[in-house]
Each structure stands twice: as C-alpha cells, then as structure tokens.
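In what comes next, chain A is part of two complexes: it sits with chain B in the first one and with chain C in the second one.
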Partner chain A sequence: MYNNTIMTHFTDPTFVGNIDSPEVEIIVGNSVCGDRIEVQLIVQGTVISDVSFRAWGCATSVATGDIFCNSVKGEKFEEIALRDRDYFSKMLGELEPSQRHCIDIMEELHTKLCRETRKLL
Partner chain B sequence: MTELQYSGYYDYNATTPVADSVIEKMSSVARKFSNASGKSALSAINKQLIAESRSNVADLLCCDPENITFVSGGTEANNWAIKGGLLGFVKNPGHIITSAIEHPSVLDTIKYMKDYFGFEVTYLTPDCHGKIKTEDVEKAIRPNTQLISLMYANNETGVIQPVKQVQILARSRNIKFHVDAVQVVGKMVVNLSELDADYVSFSGHKFYGPKGIGGLYVKDKSSLHPLIHGGGQETGMRSGTENLMAIVGIGQAAKTCLPEIERWNEKNNTFKKLLINKMLEQEFEVEFNGTTSFEGAISNTVNFSITGIRGEALAFLLEAKYGICVSIGSACSNNKKKDLSHVLESMGCSEQRIQSAIRVSFGLHTELADIDYFIDAISAAAKKLLSVSHSIKKAS
Partner chain C sequence: MILTAQKNIQTIKDLGLSPIKVSLSSTKELYALSGSSLEAHKFCLIKEAFTKHYDANKYYRGVCEEANVAPESIQSFKDLCKIPLIPVSEFKGNDSYKLLSVGLDKIELEVRSTGTSGIPSVSRRCSDTVDNVALGITSMYREFFGISKGACLFLCPPPEEIPEMGLIRLTNLLSGMLDTHQFMVNKGTFSAEESLEKLNQWEGKFDRHIMAPPFLIMRFIAFLKESDTSIKLDKNSYIITVGGWKRYTGEMMSRTDFDNACMKYLGVERHQIRDTYGLTESNIFSIDDEHGEKHVAPIGHFSVRNPKQLSEEVPDGEPGRLAILDPAAESTPGFVLTEDIVRILPGESKSGRSGQRIEYIERWADSTEFGCCAVNIDRHLCEAEAQNSAS
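Presenting the complex of A and B:
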C-alpha cells in the first residue's frame, strides 16, 4: 500500500525533466534495490531557483525524487541544511517496511545537496 | 476497482473470483450443519453431498473419486505429499529431486525435510525459457533417490514441465513422484489416470472455487502417511470435521469447469497471441520471460519485462490510474535484502530484467476488450514511466 503523498507524487510528478545547464547535479543510488535518482538544480544566490529530476526505481523512490524537488525549490540553503531524519520521514509520510529505504534516499539527497551547495558559497 | 468489476483483473494465477454457480451451491448448503461423519439422516445427506463433490473433482481430473482427498488447499497438499511421502524414510534419509522454480510450499517443505531429517536435495535449474529438462532429472537420480517433486506448470511463467516423461523415469526406478498441479487444474485438460503420478496437488481457488479447499490425488494411500491425525475423516488420511460448504464449492467449481475448459483454453490462447503481438508493436522494448510457444505453456499467462521500467512502479501505476491488477517479479526491497523472483533468477534473467517483470494472467471474465484496454493502459503507463527514467544512466 502507498500513502496519499507517495501516490500523488508518483502518479503525477511535477519535477520530471532535465535542466539544460544545471549548476548543481546530485546522484543518489541504492546498491541493493538498484534505485537511482538524478537531480539537477539552478541556484540564485543561496536559493534553489529551479530543480528537476529523473529516476529509475520503485514507485516510492520516484515519488521521493519529486517530493525532494518540491521541498527544495525556492528554499534557502541554510534552511534546507536544518532538516533532520525525522523531517525526512515526515516528508514521505507513513511507509511500509519495504518502502523505508526511501528515507535513506531522501537523507542522502539532502546530504549531497548541502555538500554541493556549500561549494558555491 | 470494486469487488464485482472483473475488467481490470489480470491476475488469475494468483486467485480467481468465485463462480456464481459456486456461490449458489455453497449458499444452498450453508444451513446444513450436521457433521457429515455422524450417524444421523441429516449427516447422511451431507455425506452424500461430499461424495458428489469428490466425484465432480474426479471427473475434472480424469481419475477415480477414491484417489481424491480434500485438504485445505495447495499448500497443505504439497506439505502432505512431501512430508507424508518421506516420513517412512526419516530413519534412513536419502535423496530428493526437485526444481528451483517450485512454489515456496514445495521448496520450504523440502528444505524442512533437509534441515531436520538430513535428506539430500538436488535442485534442478530450468533452461532460459523456464523449462526443466527430462535428461537433467535422469542425470540427478541416485540409487537412494526417494522422491521427485516437479510442478506441472510454473505459476510465474506458465511454462509446462515434462511431468509425464519424469513420471516414466520415476516409475521405472521405483521412486515416488509428486506433481504440484495447482496452476493447471481448471486451465487445461488434466488426465491424472494417464499421468499416473503418485501424488498430485490442486487448489480450489485457482479454478473459481472458494479459498481454503484443495485436494491431493493419491495413487496408493498405503504409500502416504497422514499429515493430520484425529477423527478419521477422509478415510483416515486427513482428519478434521469436513468443511461442507468449501467441499461443495470445489465440487461445483469442477463441475462448472469441465465442459468449458477447451473453450476457455482456446479463448485464452487467442488473447495471449493478441497480447504478445500488440506488445511487440509498442514503442518500448519488451522481453518475454518464459516460452511464448503456445504448446509449451498454459494459455492464460504472459510474463514480460519492459526495459527501463521497474515492474513494481508499473504495476502500481496501472492499478492507480487504470484499475488494473497484475503481479510483479520483484517486490520493493529493503536496504539489506533483495526480493527477486526465484523463478526468473534460476532462468538466468538479469537483475534489472527481473525487477522489470510483470505477470499477466487471464481467466473466465477476460474479454477481447480487456486485452485492448490493457494494451492502451500499459502503453500510456510505460510512456509516462520511461519519461521519468529517460536518459538516466544505468542504475547501480
């Protein structure tokens, strides 16, 4: 079963695509289930101004990519950096045990985003 | 999809909707509460109903009613055939031959006999089309082989196994032979008198009967120990007060199937051919898992992988957007353990191909329009998911 957040972001993702000249690119994969999410971003100052993703994986994994993009667009780096694992879990809603690896994917997306955006400062 | 809408249901190998005639027959006996093994006149009526059901099942399977014992389903039948058939050997455990593509109720039972009693086991792997070779069975036979267990047709690929050839081998060497026929009964003509195996399992809910009822064909009851002891029902082979409604249900299901099987088979073959041809016309790249030959597989099953799409994601999108229900070859896994189809793995399919696998299985309520609907839906769903994964580098 999938919660409504996962269902909405999986069946009708709004951030699928490619950015022609991305300033930041992050790639997250899961070696066990083979899921892979690639995110491209444009920044203005310390704000994420545009973001898109591609994903190969399960429904929850695809939804995770879209939820991540939705949550970072228009946000400041320093505010994104304050998020913790509890926040990531709430972003995805209630998950079945087999879907919980997507919390790790969400955490890794944030970790890599913070690492890459720090390089721009 | 509501309970009574069958148009989006393409998962008949998992289970089938109970036929109307079965519901009516079961309802007609709902108040017949007397114990069928009792001595009263009411008990005698119920006993007669059970006898009629056994006779209907025997007609479907082309065997004598005396060879049929009712059990709770395919899993119990498989457990009973394997444990009951080997119980006489536990003080001198020998060798078992089975295949790597069996249902878990066979594989886990054999593993139990291996782990707790010390039987040795040979697991045969199929060819890339999903078929076990008779010569591999012959080569695996040892002087101390005590049981061969092989499924009639595989539940994931529909590929029919060489059960008659293996029966001849087993009989010539005096080895007991068990056949898990759960996926073929009600889908194709099954003649157990001709097959002449020692034990054959089947399940009611796979052919429009209720859940919780199945049976085991036993050629010679003296060769098999009972699994459940007690009141001596089912000629002492399976104790426990008879489940009259379920037994009447499986009997009616058998009676309903018998005159229809060849027509259903022909219809399903037409749909299978159409589905395969239309899938090949689509823009996406598709690989079929298991043989697509119409003689080598049951007519209602098509297993395929669309390159670049996870089966789990496709199945969910088909259900969420189009009300379509199918099965997948790989469940969503956690961070530590992969959950890939053991059947497709043993056929040598790549991990990505297994993760992309979808099984479609037709049945009684499938119509030509359902095939067209499925093709339109999968075409749109695949296009959408491929747009999500488009240009992504090979997943790690």
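Presenting the complex of A and C:
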C-alpha cells in the first residue's frame, strides 16, 4: 500500500515538533476527512532556515508533512516557488488512488508557504 | 474449562485453520455455548492475541513491562483485566505508527473516524485484520438481522465521497447482502423528499430497511411530520442506527423518543429498531437483539472499569469506563481504553444468547471530544443549511 518514501517518512520522521518562535505558520487540512498538517518555519533572508511540523491523518499525509519539511529546509523561497505539480508528485513517489489527495496537500503546503513568506520580504 | 477450550483451539490449529477466523464465522454457535464455556473460549483467544502483540510490538511490550505484565501473568479469566490498555487517543497521534505489530508494508486499509475535535483517529488494518472485521461484522449482521435480501436506504454519504470513514464501511458490508440500496446524503446535502420517494418506489417490491445515524432518521421523521405523512415499512424491515446518540451540538438524543417517533411515522414495531455500537479502533461490534439488549460480539470481551481506578473492574450492572479486549486485531494491539461509559447488563439475556450485553450510558466526562463520523456529517449538514439560508 505504501511506497518506501512514505514508509520511511511516516515511521521515522525527522521534522516532527514545534519551533519556539516561528515566523511563519501554515495549516493545511480537509475538514471532512480530518487530514491536517501544521508547519512552522523560520526564514532568514530568503532561505528557510528551520522548519517543523505536526500532522494528523493517514500515513501518507503524515509522511507528506515530513517530506515537505525535508525539501524546504535550507532552500531559497524563490526556488521553492518554481516547483510544480509534477514535482510534487515525484516528491511523494508512486501513490495508490486513495493516497493521491496528498499531492493536493503538498501543493497547498507550497502555495501557502510562498504566500506567507512573501509577506516577510 | 480453560483446558478444554485450549484443546479445542489446538485442534482447530492442527487442522491448519485460524481459531480467530473460525470463531468469527461461528457467532451463532458461540452464543449458544454456556456462559462459562464462552468465557473460556474468549480467554484463550484473547490471551493468544496478547502474547502475539507482546512478542511483536516493541512499543506495546514496553508498556507491558512498565506495568509488569507478561503473557505468564494471564492465567485465568479474571487476569484479563491486567492486560495493558491503549487509550483511543493514541490512534490520533502523529506517532501512531508505534502501535503497529506488523510492518507498515503489511497494512492494507486505513479507516478513520473524526469526532468534534476534527482530528482523525486512524486505524490501520493488515490483510488478516480486514478478513477478521469482514467476517465478524457480516456474521453479526446475519445473527441479528438475518438479512439476505431487500432494499436499504442509507441516510449517509456514499463510500465514494468518504471512502476511509469507518461508519461508511459498515454500510458497505450490509449493502452486499441486499437487492438494492441508495445513499441519501450526497455532496453535503440530505434530501428527505427523495428518501420518501425511494421508499415509496420500493414498496411491495422489497423489504425496506433504513440504516443511518439517529439524527438523520430524526431529520427524515421531522420532514414526514411537517408534511403530515407517515409510512408503513414492512414486517421484516429494520431501522438500524449507527454512530451514536449525541448531536454535534452536544445534545443527547432520547432513545425512547426516537423509538416512539419511528413507530409512529415509519410504521415499525419496537423490535425492528436496532442500535449498534462499534469503534473504528476495534473490530468488536455490538448489536441490539429483538428485545433491545445490545450483545457484544462473542469473541470480544468488554471490561468495564472504575473510572477513578482503571485497573479495577466494576460489578456487572454498574456504570464504568469501557475497555475492549479484541482478539481480532492483528495489526495493532486490540486492547483499547475507550472514552465511553457503559454498563454490562446483569443476569441472563432475554433472547437466550450467551455472553455480554451492554447499555451505553454516556461519553466519559473528561473526554476531550465526542462523536465519530456521524457527528461530522451532522455538523456539515447544519453548516451547509445555514449557509444556504444566509445566501
């Protein structure tokens, strides 16, 4: 049911937790199924210098939070903004139809990250 | 008695069969056992499940070691209450992977339930657990409803809209036994008019059943009342309630008022109204019999605990916090501490079935949330209606 990327990030996440004084907080969720990811970030200049997340929901959506954090830490926000849906899909690996809503979650995380960090610039 | 049960289970294993799957397929036969024989059989299944999770699950083994409980500690039926419990809240955690007794690659299905907090409780089932839950629930439906034909109106969204919701999975298992069915909550709206139309179309062609959360049946009845209409369902019809009696507002619905309204507006007798109790985190399902007594699935054990001292069971008849011991759970330990207050009905059952019968009383007062998928459906319908009225 789960590809290796999802298994690794779900069972051994690196970025779970809270940042004491986050500069940016983004929340992505679906009120019907209950998937919810909360991400906290610190931005230095245009670089995401620290990031953490908390997630609730299916294994794939929890893993999505960790994969997202892993992919943005240390990256420049203007480069993150260039990513597209094809890129998000590749980040998560091969998914079953019941897991593909996590591509939407990944896309929404990126959209909100760009929107919120722009406000800091 | 336990020795005999152990020998019986060994015989099943010697034939190359699974004692759990054989037991789940033998609901009627288990209910026909004497109380002590059934207890001995359950004891063996639960002890074996406990040993399996103790050996396979590092996190759970740590919990057991902390509580100083090992498989050797469980020698008699009374000892079952020593089995360490997992609070249902742990199924909501970011780190709920720790609950798995099998590798994540063995998980076939994720089922969830979302209460008032909106945070889903996710239960992960491996292939054997999916087999077990399908066998167990289907066998309970057969035992209490005997349904193999007819039509059912499901007053809830179709699985296509919320495929991972536990409540909806229950409708799937029932619909497979029927000639036809229809889901009446679509894209966040419930149409009472269409529900009535459907029941009228089926009249004289099928035994007509309704399965739904109680609040949605009351919505349908409110429509019948307003339009000064009543219907007469069939003598073999069932009104099957799922999802609990609390509205998303916190209001507790009265079962007596509900039954009276069903009898008046849907033309059924009291014995045709059947409530069910189940949790996403467990595979043990309970259903009302023809006398309104809710029977626990015979392979599971409901251990009712003193809310102030959870290691103690309260006597039958006394209310307490429900712990479920579920030997059908293979992917995660099925020893779950719920947030529900129930009591075990004392004495013999009116229907002659062996085993436990429960009365649901209320949500545990310190619970941080209440409800399941049904509460969420209720909230979404009300919010959608409020938005429509405003616009």
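Everything that follows uses one rule, which is that the second predicted complex is superposed on the first by the 120 of 121 C-alpha atoms of A that agree within 3 Å, B and C clash if a C-alpha of one lies under 4 Å from a C-alpha of the other, contacts with A are read in each partner's own complex, and residues count from 1 in each chain.
The definition used in the following text is that a contact is a pair of C-beta atoms (placed from the backbone, for glycine too) under 8 Å apart; a residue touches a chain by one contact, two chains touch by 3 or more.
Quantities reported herein were computed from a predicted structural model and do not represent experimental measurements.
Trainee: Both complexes share chain A, so when I overlay them there, do chain B and chain C fit or clash?
Mentor: clash
Trainee: If we overlay the two complexes on their shared chain A, which of chain B and chain C does A:C58 touch? Say first, second, both or neither.
Mentor: Touch status of A:C58: both partners.
Trainee: Touching A:G45 in the superposition: chain B (first), chain C (second), both, neither?
Mentor: neither
Trainee: Looking at the overlay, does A:N18 come into contact with chain B only (first), chain C only (second), both, or neither?
Mentor: first
Trainee: Once the structures are superposed on A, label A:D104 by its partner contacts, choosing first (chain B), second (chain C), both or neither.
Mentor: first
Trainee: Of chain B and chain C, which one contacts the greater number of residues in chain A?
Mentor: Counting contacted residues of chain A, the larger count belongs to B.
Trainee: Pick out the stretch of chain C that clashes with chain B after the overlay, from 219-227, 255-263 or 291-299.
Mentor: Stretch 291-299 of chain C has C-alpha atoms clashing with chain B.
Trainee: So chain A touches chain B in one structure and chain C in the other; where do those two contact lists coincide?
Mentor: Touching chain B in the first complex and chain C in the second, residues 2, 7, 10-11, 13, 16, 29, 31-36, 54-59, 62, 98 of chain A appear in both lists.
Trainee: Please output the residues of chain C touching chain A within their complex, sorted ascending.
Mentor: That would be residues 92, 94-95, 97, 104-105, 107-110, 112, 114, 118-120, 122, 124, 162-165, 376, 380 of chain C.
Trainee: Once bound in the complex, which stretches of chain B touch chain A?
Mentor: Chain B residues touching chain A: 308, 310, 312-313, 316-317, 320-321, 331-339, 351-352, 355, 385, 387-393, 395-396.
Trainee: In the complex, go through chain A and note every residue touching chain B.
Mentor: 2, 7, 10-11, 13, 16, 18, 27, 29-36, 38, 54-62, 96-101, 104
Trainee: In their complex, what parts of chain A are in touch with chain C?
Mentor: Chain A reaches chain C through residues 1-2, 7, 10-11, 13, 16, 29, 31-36, 54-59, 62, 98.
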